[in-house]
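Both complexes below contain chain A, partnered by chain B and then by chain C.
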Partner chain A sequence: MTDLQNPDTRAELNFLARRRWARVGVVYVLYLLFMLVFLSPLLFSVVSSFKTNPLDYPPTLKTPQLNPLNWIAAGKLGKAAGGGVWTGGAEPGNEFTFSINYFIEDIENLQEPEFTIPRRKPGAGLAAVKVPTYAADHLGISEIEETRREPYLLESLSGTAVEYTITVTYPEGDGPLLERVPLDILASTELIYLSSTLPASRLERRGRVASFDHIAPGVVGFAFYNYRRVFDETESLSTGRNLFVAWFGNSLFVAIARVVLNLAFASMAGYALARYSFKGRYLLFFIVIASQVIPSQVTFISNYLVLRDGVFGITRLFGVKSLLNTLAGVIVGGAGASAMVESAKVFIMKQFFESLPKETEEAAFIDGAGHFRTFFSVMLPMARPALGAVTILTFQGAWNDFFWPMIVLTSPEDIRTLPIGILYFRQIYGAAGDWGLILSGAVMSAVPVVVLYVVFQKYFLQGLSFGGTKG
Partner chain B sequence: MKKQTFIPWIFLLPFLISLSLFFVYASMRALMLSFTNYNLFNDYTFIGIENYKALFRDSNFLFALRNTVFYAFFVTIVQTFFALVLAALLNIKIRGINFFRAGFYLPSVTSSVVITVIFLWLFQRRGMVNFILSRMQALIPSVLTLILIIAAVQTLLVLLEKRRGMPVKILELPLLITSMLIAGLAVTALNSFGIIPIPEFEEINTIWLNTRESFMGIPRPLWAIIIQNIFTTIPTLMLIFLAGLQDVPPVLYEAARIDGAGPYLQFRYITIPSIRPVLFLVLTLSLIGTLQMFDQVAIYGDAVPLQSVITLAYYVYNRMFPGGTLPQVGMASAAAMFLAVITIAAVILQRLLIKSEADR
Partner chain C sequence: MRKLLLFGIVLLFAGFGLTAAGQAESVQQDEPVVIRIQGYGGQDPAIVVRLLNEVIGADLEKDNIKLVYEPIEGDYNAGLYNSLSAGTAGDILYVPVETAPGIIATGQIQPLNGLIDTTPFIDSLIEAYTINGDIFGIPKDFNTLVLYYNMDLFDEAGVEYPTDNETWSSLARKAEAISALGSDMYGIAFQPSYDRFGAFTFGAGWTPFDSQGKTNLMDPAFVSTFTWYTDLIKSGAAVMPSDLGQGWTGGAFATEQVGMALEGAWMIGFLNNDAPNIPFESALLPAADDGTKGNFLYTVAYGINRQTENLDAAVKVLAALTSEKAQQFILEEGLAIPSRKSLADNPYFKNDSREARANKAVFVGSSTGNVLGYQFGNVGTDWMTPINTAIVTVAAGEVSVQEALQAAQREIDEMMK
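Moving on to the complex of A and B:
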């Protein structure tokens, strides 16, 4: 027995207890630290996707679009302009004011800045092709008013802060709702930009040019400016359909179709493999394993040709000459084995059916149910957990699938699925350095799967032990 | 198990159709096409092994071969190693593990396009990666001082405890935490008094993407992809290892400790052998995945010179859809066959290695 009265022993016990606690504490800290490190690219990109220019240097988490004070200002402006607190925009018969503050060291040199509503295309890519409604054609700016002047200290430089205010008027009439009201303010060299009703989207030439993308944005229009651009600036030039919405719909359709097909076919195949012995069983296993190892680069060549020829002409019976550039092609075929019945899903079902007791089926057989009735009305309802896993994992795989849709879906623009669409964004807007639009598109494309992950976490993490990882 | 000749085939029918058409038939056809001069539009003729010979005269193929082999082995080894070390470090039964598991797995849930687009942005010339590098460079003197102070304080504390008769180890955790806190405060003080000033940041403007520069003979854009892949795969592999490690009975470690085995020996003779099946799974998956790397190359696309990142998988695609010139389906098939052989060989080789290790 340990002698607890002995001071030496007690000290040693305390010491060992301390060691245990320290170990647990350190492990927690390490867990948090590593998680933060590994998630930081995602977190940082989500925050930056709100910024006017996500390439701001030095990079910072400070984002004007996520500051509640700016939301209030944006809401007020949107309301005053007539477009509403949330979505903003300017409507006829409204006027609103906008102020900007400058610092000047020597008040003698004070010169009024110049305010203009520029005729500017909203962005690169498709936005540059589309003909927008220019706010400049409809809005008027009042005389510039100096609304405040007070002593100010800027980094130990004493001088004066001056505030200028303009009133923007949209005369009564039947003008359109202006979705975007840009503003440029050009100041003389002596003026240093301090602040404005809404923070400037861009400051150029050391703050001499303050440029605003939208001065009547409303809360959503301000905070989700980039996100709105994803919808506004991506229209198919041929059909006029909104590309992002089209891609989203395509992805959803493909994913749901693949889930349904996999549920039906993988459970049937899994059941046969789990419960029946038949000639060629081992050959089948060998082929399935081989299909996991052989690269999809080997099989996609023929699979592409099969789709091109309409599955040996069978689809001609339905009046379709080729399955290329159709969603059906993405669903039916697959770069690797097949998207309709994935081997991994067959394995999930097989493992599950093997874990069920055989007595259930035997009872059904004794009651006179045939093989198919037994499967569909007894076994399948019992397989709900496995069917859940198949649903979630197939949806995720289909939603994220890249290689096969990229081969099958090339034209027109609105037939693509989301990942191919995001790649297209990257090609079009990446060259122009317009990362706000790319990042917000990417973030939105990830939302469905992330939501699914948060809700059905256990299925994903189960999939981990099935080896559901990518390189 | 029921002996049946007819019923199971009906259940298997859809699976068999798709497997035979899109895998068995497809593989055979690719093998056949690799001996032809097919270009999608002609009536092809068989040309023997001309395509295979032509591959080795094509500089793009040779670049692809070098990139793929280096990428696969480097990434597999590094990410497996770090994931294993991390898992061993974190292998302690704690509450709330599910929260952490969920967090670590998150990057693997999103698509490769989203992840790659994000990393492309981080690797811009004025992007986060260069920013972190320049800040780290500026902090080197402070970090060195920090390590020195930690070592000094730790030695002092351990000696003190030893004199009190405690069985302390050199890296005794409670003491280490204390030393770190003290050292942290000391360095902060030294920094703010300007004794060890944080130097002016020298901006690092490494061009990661549109460059022909290389590092260790490997093009810089490929390094960007390597970093991206290692960084995003480690958490997942770590979780797989962790699951394996938590099944190892703690008694084994206790016995080893009593026999006087230190952390390294425990890791070598208990941890590694008991998770050998998991290790095999992870290595196999990593090798297959990395040898077939395609998405990142396609997404980096015109942002980088093609030769610097082209892989065998992308080479196949590029021969099939060259854009502008006639497709060379025969060459594409031959390269695909080559990739398949490499993949199978790597998996078998790695299996043999692990086996022989087990037999020792």
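Moving on to the complex of A and C:
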């Protein structure tokens, strides 16, 4: 029993407690630092993918697109314009109002601002090539009305706040659904922009112009403006298919196919290497391991040529001249992490099978099971954790694979996988400084892997430990 | 064991069969001739589709030709070299002007003499693709540099707008007046790079390669232009885009902290998207003080692959793509500036819009003063790296003009050995 009355013991205990807390403190500070380092780029790119200008400087986490008050305003505008609370847009036979607030120091200088719906092509990139529907051709703006005037204190300046309101009308008729209604408001230099029904997309001409990309956006159209563009603006002009959806489907198909092939071949190869003794077994295993250290850049030319000729002409039997520009080519072809069966996965399976007790198999044999039966009905179910690890690692590798699909898939544009598609976005929109669409595409492409990671975290760690320890 | 092997092979074949069934095209007797075009990614695939649907598609169908556009994303030149060496290159290829000499030197591009009439195209463009009298490409469109300016800032500073007759000194004076508007205001954005700066050296009478094919950076014409350019940056009248947190002068111009910028027609789409309300206009590039202008030609041509099995059909497609009606469509849609001389009188250029005026300035720029292709012989774009380094180091005040140019000269000599 410790004597708590003894001052020496108490000092010692205090010291220990302090040290413990100090340690906890150090650990947590380190934790936080790591989190900051690893998570803040992710956080910023996700938040930036919502912004009108993702390159704004200094970067901030506060963006109007993530403010629920703006969602309500956007929903109301979308509803009034006829396009609906969620997706927005303007339909014939509707009208809606839009207001803007200015601060003016000397009310004597007050001049009404000018409202215009500009004839502007939506966005850069592909949208610039398409024939647009201009909102300016269909909508009318009412007279400008001053709806409010009250004293206002801006920082230390006292003056007046003035609110102007207009009504935008889409006359009855068979006009199209206007997916985008831009608005520009030009004011004199005395007027300082305070707020508006929806926050301005940008202030231009040294603060004189408040410019809005879309004043009837609906909730989704406002908050997920960039995300919506990914779907709206990326149709293939030749087939009319939505490119992003096509790419997503391709990536999914490639990833699933590769998972199935890896599961099948790696488990069988791993089992054979672990359990059967045959001539050249060690040599074979050595080759499997050695193939891991050859970078795929070394073998890609020969693999490319093999695909070009349709795997030595075999595919010609089925009427396919070349496997280039086919998803089958991506699945069959690459080396390293892009291979149909990956040596690292064989290794994981082999190690795992070696760790299983031989007695189970012997029992199966005694009960009359053959090799196949033993493998499929007894061993494979027991290898579930390793199969899980292989599934996840393969899926992640295939989903993120860039180099090999980039070489194999060049045309038509809807045959690409997602990472190549994002590159295409970068080229077409990045050149015009339009990063919002690229970022939102990238964020969406990361979602499946993030979900997979969160759900199957356990197997990821197991996968690492199978690879690292000798069973 | 053998059973397993057999099983595996059957499985593999079954897999191929399935995918093949999905993708194999039905083989018919009167199959159209397929002509593959290999070109840039980005907007180009969409533009070709529109051309096909709206202008030239019907004619090609009559000739029983099917056109397939295969874009190369990422590094086009690397992709082109790869496909040429693998033998998978298209029948028609984009040949970018900056790498044209190198690509043509491989002997894989078909000379077009006698196959296509090149006289209707702008001479300086055809010249960039002429080697020893053989013509290797028909430019599909082009760009040159023009001077964009922000009218607001000129109004605010009370300076007259730039005109088509500006000289270096008058440009510098105007730039200084704009930069006097505030500590974060600048007259003009200068890219510290030969791909913009070079246009001024041409105005001064310098050429990148002399009669012996050598590059001489110590030429007085080059040194004086270099000094003028870097002095403007050092004095604060000009600014490098990176100092405003921007990657190019267009981005700097969009911040409204810069009065002028030198860019091509690609600037228009960017400004319409990112800063639609900036009241910009454009003028021809300023001339050297003796009145000579210089400019770069940025272009890309259609060339024909020498290995093509369908030369006749490829020539027909090339002719259709560069035909007057195709180019007129491209121009009137505001997609690019056509390479035919006759389109100078197209009504589009007389439109009362800033886009049309800027496009017109780009068009006129191709035939005003000393206009040279954006080319660097067989060395390729690496050639300009030493010059770019020299501009940055001098503008930052790290070394003198003389030292920087001597170092750059040594590097270029080494490269061209």
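We adopt the following convention: the second predicted complex is superposed on the first by the 452 of 471 C-alpha atoms of A that agree within 3 Å, B and C clash if a C-alpha of one lies under 4 Å from a C-alpha of the other, contacts with A are read in each partner's own complex, and residues count from 1 in each chain.
Definition applied: contacts are C-beta pairs under 8 Å (C-beta built on N, C-alpha and C of every residue); 3 or more make two chains touch, one makes a residue touch a chain.
Nothing here was measured: the structure is a model prediction, and the numbers come from that model.
Enquirer: Taking chain A as the common reference, can chain B and chain C both be placed on it without clashing, or not? Answer clash or fit.
Expert: clash
Enquirer: Taking the superposition on A as described, I'd like to know which of chain B and chain C A:Glu413 touches: first, second, both or neither.
Expert: second
Enquirer: Between chain B (first) and chain C (second), which does A:Gly75 come into contact with in this model arrangement: first, second, both, or neither?
Expert: Neither chain B nor chain C is touched by A:Gly75.
Enquirer: So, does A:Gly218 touch the first partner chain B, the second partner chain C, both, or neither?
Expert: After superposition on chain A, A:Gly218 lies in contact with neither partner.
Enquirer: A:Ala22 in the overlay: touching chain B, chain C, both, or neither? Say first, second, both or neither.
Expert: The answer is first: A:Ala22 touches chain B but not chain C.
Enquirer: Quick one: chain B or chain C, who's touching more of chain A?
Expert: The partner with more contacted residues on chain A is B.
Enquirer: Tell me the contact category for A:Val449 with respect to chain B and chain C: first, second, both or neither.
Expert: Touch status of A:Val449: first partner only.
Enquirer: Quick one: is A:Gln427 in contact with chain B, with chain C, with both, or with neither? Answer first, second, both or neither.
Expert: both
Enquirer: Now for A:Tyr304: first (chain B), second (chain C), both, or neither, which partner does it touch?
Expert: Once the two structures are laid over each other on A, A:Tyr304 reaches both partners.
Enquirer: Between chain B (first) and chain C (second), which, if any, makes contact with A:Gly89: first, second, both or neither?
Expert: The answer is neither, since A:Gly89 touches no partner chain.
Enquirer: Going by the contact rule set out at the top, does A:Pro405 touch chain B (first), chain C (second), both, or neither?
Expert: Touch partners of A:Pro405: none, neither chain B nor chain C.
Enquirer: Which one of 24-32, 60-68 or 78-86 is the stretch of chain C that crashes into chain B?
Expert: 78-86
Enquirer: Is there a shared patch on chain A that both chain B and chain C touch, and which residues make it up?
Expert: Comparing the two interfaces on chain A, one with chain B and one with chain C, the shared residues are 57, 268, 301, 304-305, 311, 406, 423, 427, 431.
Enquirer: Residues of chain C touching chain A in their complex?
Expert: 4, 13, 15-17, 19-21, 23-24, 27, 41-43, 45-47, 49-50, 53, 68-74, 79, 86-88, 152, 245, 250-251, 254, 256, 266, 269-270, 272-279, 335
Enquirer: Which residues of chain B touch chain A in the complex?
Expert: Residues of chain B touching chain A: 1-5, 7-12, 14-16, 18-19, 21-27, 29-30, 33, 75, 86, 89-90, 92, 94, 98, 100-115, 117-122, 124, 126-128, 131, 161, 164-167, 172-174, 176-177, 229, 231-237, 239-240, 243, 281, 285-286, 288-295, 298-299, 301-303, 312-313, 316-317, 320-321, 329, 332-333, 335-337, 339-340, 343-344, 347.
Enquirer: With touch defined as at the start, can you tell me which chain A residues reach chain C in the complex?
Expert: Residue positions touching the partner: 53, 57, 118, 120-121, 123-126, 128-130, 184, 186, 202, 204-206, 209, 211, 237-238, 268, 301, 304-305, 308, 311, 314-315, 318-320, 324, 326-328, 406, 410-413, 420, 423-424, 427-428, 431-434.
Enquirer: So in the complex, which bits of chain A are touching chain B?
Expert: Spelled out, the residues of chain A in touch with chain B are 8, 11-12, 15, 18-19, 21-28, 30-31, 34-35, 38-39, 41-42, 44-45, 48, 54-55, 57-59, 264-266, 268-269, 271-273, 275-279, 284, 287-288, 290-306, 311, 333-334, 336-338, 340-341, 343, 346, 371-372, 375, 396, 399-400, 402-403, 406-407, 419, 422-423, 426-427, 430-431, 435, 438-439, 442-443, 445-446, 449-450, 453-454, 457, 460-461, 464-465, 467, 469-471.
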